[in-house]
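In the part that follows, the structures are each spelled out as structure tokens.
Two complexes, one shared chain (subunit A), two partners (subunit B, subunit C).
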Partner chain A sequence: MSNKSTMEFQSNKDFFSRVNLFVQTHTALMAVIIAAILFAATIIINPRSLNLVAIGNIVLLTVILSIPAAGQTLVLIGGGMDFGVGAVMSATAILTTYTMRGENGHFLPVLLISIAIGVVVGFVNGFCSVKIGLPAMIVTMAIANIVTRLQYILTQGVLSGTASPLLASTVKFKIGGVIPHVAVYALIIWPLVFYILNKSRFGKQLYLVGNNPTAAKLTGIKVDKVRIISYIFSGVLAAFAGIIGAAYMSTARCQIFDGYAYDSLIATIIGGTTFAGGSGSYAGSIAGSLVMVLLSNLLTSLNLASPIRNVLNAVILVLLLMLYNRGKAVRQ
Partner chain B sequence: MKKLLVVMLAACMVFALAACGGAAEGGDTPAPAGSGSGSGSASAPAAGQTLKMASHNAVVEGNPYRVRYELDMQEAAADAVNYGYNVSYNSFVANSDASTEQQQLQNSINEGFDIIVNNPVATTGLDPIIESAQNAGIVYINADCAYMSTDVDILNVVTDQEYLGYKTGQYAGEVLGNGAKVVMIAAWEGNQANTDRQRGFEKAIAEAGMEVVATGNHDWDTTKSQQIMAEILNSGVQFDGVLVSQCAENALEAFDAAGVAYPGFIGFGDTGAFMQKMLEVNKDGLVTPYIVLSNPPGVGATALNFALNEIAGKKLKDGVFAPGYEDTHQIWIKSKVCYTDKDVAAGTQVEGMSIEDYANSFEAGDSITFWLNFQEVQDTYFN
Partner chain C sequence: MLEMRGIHKRFGAVVALNDASLSVNEGEILALAGSNGSGKSTMIKVLAGLVAPNSGKIFFDGKEVAIHSGTDSVKEGIATAFQDLSLIPTMSVQDNILLGCEPKKNGFVDEKKARKIVLELLEKFHIDCDPDDYVQTLMPSTQSMLEVAKAVYRKPKILLLDEVTASLHYDEIETLFGIMRELKAEGVSMIYVTHRMNEIFQICDTITIMRSSNTVISGKVSDFSLDDIVYYMTGARPEHSDTVAEKAEDFADRELVVDVKDLAIAPKVKDISMKAYKGEIVGIGGLEGQGQSEVIRAILGAVKPEGGSIDYLGKKTKFKAPADGVKAGIGFISGERNVEAMFPIRPISENIFAGNSAKNRMFKFLTKKEVRKFSQDAVDKYNIKIGKLKDPASSLSGGNQQKLVVARWIAMKPNLLLLDDPTKGVDIHSRQEIHDIIRECAANGMTVIISASDTEELMNISERIYVFYEGKVAAMLAGPEKTQERLVSAMMGINENKKEELAE
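Right after this comes the complex of A and B.
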């Protein structure tokens, strides 16, 4: 090999190394770039996709997905995993429609009971996986199963009631005819989660616990307590997302939002939070939620047959996940 | 303490898994609140023949239609007492897994059930099991989703799905006119009921000269119906009406969420939510024409009464099979309830009451249902 080609090879290698380094260190930004590419592709394929209705819908669906994704982010950063967010969402969505029955004025009891459900489920998930040491994936699935059984026992599987018009309007009403009201919820929840993760003592402890629990323990952090609290946060956020989801759907049936357990987990991982724990950001998870919504939007725009659409969706998600989630856990 | 907790959690998980698979182990599906009937009354002592019936279902959870299907089966089992049969009801759910279905069917054969009513996972693949059941003297009836194998001699009791699609498309064509652009949201690709229904839709679309400008599948999932409709709205495609294979109320919610005007037609729907929503939408004058059609979950209960008539030694009348489907012995139960916005305006009555009262008599998620009792099945289909 000549000196020139050796240099070219080295130069290409350096370029790919730099790209790889960029991808691995700017995961949230990468998710934004992927979202932009997906949106651009949608517009190129179908220029009519660039319209105010689409923007409003994308914002709405992204905000709804970003709420359970917030809980997933906290749990994953702490080194755990929560497959129960969908079941909690479904439970509180059913509670919302059954309690409200299309009438205004029941928001406070619904909110308080939902939060209580989120706290209890989150605590049980955390306690079982952290204190008893059972695998988080198994425990959260088993607890989700119990929550689902309770939905059927309480409702007999029959859908009943609707969300109140006032609650529905706080999600669907469009500010300026474009931005859905649900953005107001995002203005409360997003900064709150940013604060918890980046500014609070709990957030700093959570990163350390997820990164190196042994080191965290040696510095005096109550590792188990921090992890259990992350599960409780996840439960509460999922419970709140269920109320928002009920307002969006108007009606709710058993297991209606079970799919959000996987969607929110994938969104979080696409956003750069790793299974290894100790790294990731909520900004990434929001961007990951946007990627999920835009990908589904793109595939519908292509007007493909359902099986092909599902295969494409899975293939693209696997490719995206291959880009991330390859961080190695710190040796303890 | 830790060991105790582990034991308690293990017990808890076992409970959860047992609850999950409970139906698959022959547990009774809970009766609807206030339904006044159920397996309890079905198994009450009665003077007459005692029969064990197994209801096998591909899926129940998360599917309000299948939940109602099982509840109607329980009611029909209880009602059989009036015709001299003491029928016990047992439910088995395969959770869409063909091997689980086969295993459960084999268990039902081994346990000596008298009747098996199966709503199958797939349209083929059960021939040996069916033959085994029949050799054991079990009356095997396939219900709801047709079983398409021609190598076994069983009855297929299904709803006339083609009619549902055709009737909807036909009314859409009447309302929207020739050349109208429509969205077509189908149900579950590969499901026989969906295939039959789509054939009806396509026939009517062609006859009315309509153009399908966007498509999607909601897989009978309410969340997906709303999502697909929202994404079609996002795509900016221009259309006049929406043809949707049930879950219409959720497709309409997508218009609310997007803040855009309702379409020039939507249908069909069959739930309390859809009927009530459309009355509300059109209360001050016609905004969106629509059609309500029943795709009765009670088809399983009707199938049970076919089984009881066979046990009574009755023989089917000639010409009861659907034209073109004689080889698979398909009996298509016609939709009983069908009304449109025009019927509402004309003050037409449904089931002996005004459409408003009829619509408001349903819970939001409950589907229109009916089933033919033992005598009705005998009078209509047997000699």
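Right after this comes the complex of A and C.
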């Protein structure tokens, strides 16, 4: 088959098809290449952006985005979709600042309650979309809306409290002035997700379920269970990301991280995971997160008005997604 | 009036039609007969414009016509009632019947006239439903009648009926035959495909018999006896005997693995009882859709039986999902590999490992080496021709894909292996290899239940054969009684038909 596809590759002189083919067979690598191009462009436009503080910030934001993107990756591979990660992040961020009120020593209860929130929201999302069979996009958005409204009920929309100094320092402090401490979280989360996806039976089952649920069921896989667990992972990972987000922002208002729902989804798609399910990798999603951060970084360095920046950002993302989803080029 | 000459059709390596022909005159009902996979449905599809033949000619009133699409077919005055219904489940009865030929007034649909037409049709076909009912809410038999009504509404010159009586009740068939006779008097020609032999004698004037993609013989129905038809369909003379029934079994010394008692699953399975002993290869025979798939799936736990019971290793099963069956040591190999077995975009290694990954604890550490070794062993042992283990499974040929699925389960060493028409569309060489693997496993103590549409395959591989007909066991063939002839007559339900005739 590899011979066949090379033949087809050569016979196809159309430049765009060739680019397309490359993109579709090397998705994770593509995300890295796009990231490199974006970074190079930023430096050319504004050479001053090549400094340690800026690079440290890029690392930090990429790590934060890569956590909800991990959950999104799991859910998408299993054939679902989770629009609720942003709302969960916002909720646990608020929980963190409210509970800590700028004092050390509340980390464990915050962590446990946050995880509980993640489990509950993830389970409800999974149960409604998998067992009841409602469309994942609608259900996760609706549940996210409930989570958001609860934030307002809890806080009355008022800002209150800050993350504890210790927690904040784990994010902001930089080793040697460059590598932010947040990298430590990445060292925990990234291998964990990698293990789940590639080194456990659950990971294997998840890919099979996403590719062909009927066959998976007849092969003896508990399809519903696997899918619901993927939503629970997504909820828990988002909950954890919310705590780190609170540490980064110090204070948290309602809906502060809602944008992460879309950002994590797009980062995951850019990283090569497909809406159809059954394929994708977490390495790709991390690279995709880097692309998202670098793109917004580039547009910031252009000194444009914020609305125009947002429009440009969206247009570029649409173009990227078109490049990725132009159908399967190779096989019949 | 209509003539098809020298039709050839290939699907990849599979030859569906090879120099097939038929002809039908005005006001004539032609029976198109043949066993599973003989090509009769493909002939219908060629006429309906769903399948484009590789070569061959179609003549209409002596003039050659080209049918490239469904629209061409309709233009020539052909209407088709399909076996797998062409109705749209989420539309109303009225919209379905009129779809594409609504009565119009000033460019809009004439609702009054439309309602009148539909009510008349429903009355004529004795269909008991409201024109506004959604099709998906109707009984399968009502849907089949609607399918015919829809075709008749198009006032065709030629009406194609592809196994429409399969799910009909006795009185509905009578109604249908009445309408067919009326249409015949009006000069409409019909091509009628059925598995039920007695229907051919009841309603058809002429008959064309197909066997393995070829037209074998054509002629007047009155010139054929039942035995003749079966002979031309299968190449074997049916053998009549009243002893084709379950005889006392001599398996006392063998462990009973599966014991199915009075199983019923609507709509196809009515009353099935069968047994399988340790190390035995039990065949399930029958025409397509007599309940074979449902029974096999019920044993696995994928389908919930409505009546009766299934004992596995002496205990009544309470499987809620296939996962429970797999856990209890049951493996399942489906012939519908694209839908039910393959994970096309996943690597070959993961495809082979799939059954294994469903077992054990979910988050236990799993090394790449373990997966690779498991799959490499299977590839070597069962001689599967692959590129690399990490290539997607879709890169394999059909025969090798099926060998992969077989290897997936055999490597798990199941206690009981269920196979549902496992060699469908598989080349002869791979088929032989799969048979060898199954025989070897049975010799080592694995119990095998296999259904197959190919009678020869069934004769070759199984020790005993249960023949299903209309959701019941028509015969159990073993030992000297296991002959191609008996198998064929049981498949056609001939014994039953004889009884019916006596009753009349």
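Just so it is clear, the second predicted complex is superposed on the first by the 306 of 332 C-alpha atoms of A that agree within 3 Å, B and C clash if a C-alpha of one lies under 4 Å from a C-alpha of the other, contacts with A are read in each partner's own complex, and residues count from 1 in each chain.
Simple rule for what comes next: a residue touches a chain if its C-beta (ideal position, glycine included) is under 8 Å from a C-beta of that chain, and two chains touch if they have at least 3 such contacts.
It should be emphasised that the depicted structure is a prediction, and the values quoted were computed from it without experimental measurement.
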### Combined model on subunit A: subunit C and subunit B, fit or clash
fit
### Message
Touch test for A:Ala215: subunit B only (first), subunit C only (second), both, or neither?
### Response
second
### Message
Once both structures sit on chain A, report the angle subunit B, subunit A, subunit C from C-alpha centres, rounded to the nearest 10 degrees.
### Response
130
### Query
After lining up the shared chain so the two structures overlap, which partner does A:Ile44 touch, if you call subunit B first and subunit C second: first, second, both or neither?
neither
### Partner chain(s) touched by A:Leu108 [first = subunit B, second = subunit C, both, neither]
neither
### Message
A:Phe202 in the overlay: touching subunit B, subunit C, both, or neither? Say first, second, both or neither.
### Response
second
### Task
Once the structures are superposed on A, label A:Tyr152 by its partner contacts, choosing first (subunit B), second (subunit C), both or neither.
first
### Message
Looking at A:Asp258, would you say it contacts subunit B, subunit C, both, or neither? Reply first, second, both or neither.
### Response
first
### Task
Counting touched residues of subunit A, say whether subunit B or subunit C comes out ahead.
B
### Message
Is A:Val318 touching anything from subunit B or subunit C once the two structures are fitted on A? First, second, both or neither.
### Response
neither
### Query
After the two structures are laid over each other on chain A, how near do the C-alpha atoms of subunit B and subunit C get, in Å?
16
### Query
Which parts of subunit A are touched by subunit B and by subunit C alike?
none
### Summary
Interface with subunit C, subunit A side, in the complex: residues 1-2, 195-196, 198-205, 207-208, 211-212, 214-222, 229, 278-279, 331
### Message
Going by the contact rule set out above, which residues of subunit A touch subunit B in the complex?
### Response
46, 48-51, 53-54, 56-58, 60-61, 97, 128, 131-132, 134, 139, 142, 145-146, 148-149, 152-153, 156-162, 168, 171-174, 177, 180, 248-251, 253-259, 296-297, 300-301, 303, 305-307
### Message
Can you tell me which positions in subunit B touch subunit A when the two form their complex?
### Response
2, 5-6, 9, 12-13, 15-17, 19-20, 30-33, 60-62, 64, 67-68, 71, 186, 189-190, 214-217, 219, 222-223, 226-228, 230-237, 249-250, 253, 256-260, 273, 363-366
## Note on the structure
Per the touch rule above, subunit C residues touching subunit A in the complex are 300, 302, 321-323, 325-327, 332, 334, 339-346, 350, 353-355, 357-368, 371, 387-388, 391-392, 394-395, 408
